[in-house]
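Heads up: the structure comes next, in structure tokens.
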């Protein structure tokens, strides 16, 4: 198994997160999803929570936009936030619809604690800090789905559509773009030797904490809580 | 002269701002612009500062997106922020280019105090409060340009392109859309009788203060400071 | 068992949270604490996490201060934030010290997911909204400890010091003060009929969600996770 | 004339601000204040605006507290914010009272554009960035008053009380404390070589922009606008 190359920050943060990263990308939910053995109810519970998640995720990318001070960063963040709202969300609604979960049900989903935990961690970190803090907290979601997708792109089975999406070229290109955005944002502010600065430890910790909360998101799917 | 109908909140806030509103939309800069007597250097100074302004304006609309909790609001805000970045900004760069102001010059514009004053007022109000506070501070810019545009749409002359743009259908539609967004956001949170709540006075004051700072923006153009 | 009277908002929000409120204030962790049967390790785990919690709690009250626009609110929030830092935190360090948990250990506590979940929910809600949103998210902690303290003030036993503190006059006065702060902040912004406004449902939901995450905090103590 | 030694960041930022710093600390308002020739009405106008300023200044220091993640920083920021509210503000009210400006008049002061410009710049910079951005924007106020006070501590005359306060030991100690807070916050995050990082230029620009807006505050006093 090779680690995807989403850039320098990801490589460093992933390594620093250590076993926490593996516990996230190799979580039982993910294994069962890839193996096709995940109970349908778990998948549906996850899908429904993911709708609420996507709203918060889009708002968080909008916050990246608001907190950027370079035009290229604003463009990248706007593209992602806008794309989430106008591309990924309608697609998600459609996928849920096929599973019998109507848009009305989606909008009335009671948000699970694990969902609140990760999404609010991202937002609190982003509002409380600057754009880099926000990106470090967002990164585990973007890259984790990318790594999982790559690993299981061809798994097929009942959830093969899901893994093919995240393992596919479109999503992998987003991961590469976000990787470049993060690396370039770091270097533009902290210089090429940023990993040696004390702040690098804070960013790595934010990545690791967000990773831990993402792991809780999978567990929520498994437990249907 | 009729007042444009951009909705209920605008009508109330505009009235509450009183003479301050007139001092803004009938500022000498605007009169001279419409009459074609505005010194070229004033217009160019304004254009150059407006580039920096647009960046902050787009970021502020991204913050509306981040602070919305209704999908329709997120969509509207994202559309505006994304459109500013990918439509209005390139157009602005092109217009400036025709006047001999290169993109490089635009990016190195030293931000004038009046520019900082309005843009940071909007952002401080938005971060410090909720989406409604932010919208009240953004409104004078959106609607003021609309009202000025309507009034002088056919003024022609050396700056006739500018007035025609803001008086034109595309921009007027944006004003109507923002008017609906604000009215609907207010009603969804504060109910149909929101103008009777104490909070209405705070929102009106934010609108009036932002209007006062927008007036300073015109003065900056006139003074080339 | 009577419900403590911490004001109008608390009464409404508590009722709206329904079974979620009971699940929080009557959590097994609390019952065992009052009965003296809580495993020592659970209590120590809780104490250590509570140190990290208090830092975030103090910062959240500082945010109330930053987001207030009335002098009386700023004074109340500053008093609480300042008191947490300079009164409650040193006391907490002392109590932990007696249990063999040094200040150094406290500062190196790895923050548990349940701890992140509640504290970041409060901050994300506060930054993303206005002072009222922030207060609604802070309220379950302040008032829940007050209600638990009142109920078990005389429980005695190995954890009798804890329950006596929160059931005691000093802490109960803080609850009353915070109750008045919240009621007065609501009325000053939304008028006396605020419970009838749509926004009241949002505030009640924020209170209920934060309550759910506080419940997770007790569970963390029990599970030592 | 010697430059006060408020630490490393101040020395660098002050130098980078260049003529803008001199234009602020040697502004005509300040010269006339020290010479005793400042019109009484200008001083009273300044005092009244300064009341509104102090509220925003205290809130901004509360935001430093909220955005700190080190206990020593939280303590320092809380001390300043709390001291402003409970020490400097009552004193300010008392001084104004002696000049015939009642507390009621103070609370109804219409905020001048120059006042909004500086205070909102600080808050927008602070919310939009992290604690360092906020400190860079706050620094010109703290240190500028210190430098002016030192220079004119013994000027005497009708405004001798003002200059003696800021030139006095108590205020100078605050400047030293804030200088240490900033230097230590920078080093703890960006390491000892932070002035060589790209981010140093951003911080210096924020300091320079805030200095420019502080200059506008003096001009407002002179113009009574």
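In this document, chain identifiers A, B, C and D correspond to the written order of the chains, with residue numbering beginning at 1 in each.
Rule of thumb we're sticking to: a residue touches a chain if its C-beta (ideal position, glycine included) is under 8 Å from a C-beta of that chain, and two chains touch if they have at least 3 such contacts.
The shown structure was predicted, so the numbers you read here are calculated from the model rather than taken from an experiment.
Chain pair with the larger contact count among A-D and A-B is A-B, by C-beta pairs in contact.
In terms of the distance between Cα centroids, chain A is separated most widely from D. Fitting chain C to chain D on Cα positions gives a rotation angle of 180°, stated in steps of 5.
If you average the Cα atoms of chain A and of chain B, the two centres end up 35 Å apart.
As a whole-number value, the distance joining the C-alpha centres of chain A and chain C reads 30 Å.
In this assembly, the C-alpha centroid of chain A lies 42 Å from the C-alpha centroid of chain D. In chain A, 59, 66-67, 127-128 are the positions where the chain touches two or more neighbouring chains simultaneously.
The residues of chain D lying in touch with chain B in their complex are 59, 111, 113-114, 116-117, 119-125, 127-128, 209, 212-213, 216. Contact residues of chain A toward chain D in the complex are 66-67, 69, 127-130, 133, 188-191, 196-199, 202.
By the touch criterion given at the top, residues 55, 58-60, 62-63, 65-68, 71, 74-75, 77-79, 81-82, 85-86, 89, 107, 127 of chain B touch chain A in their complex.
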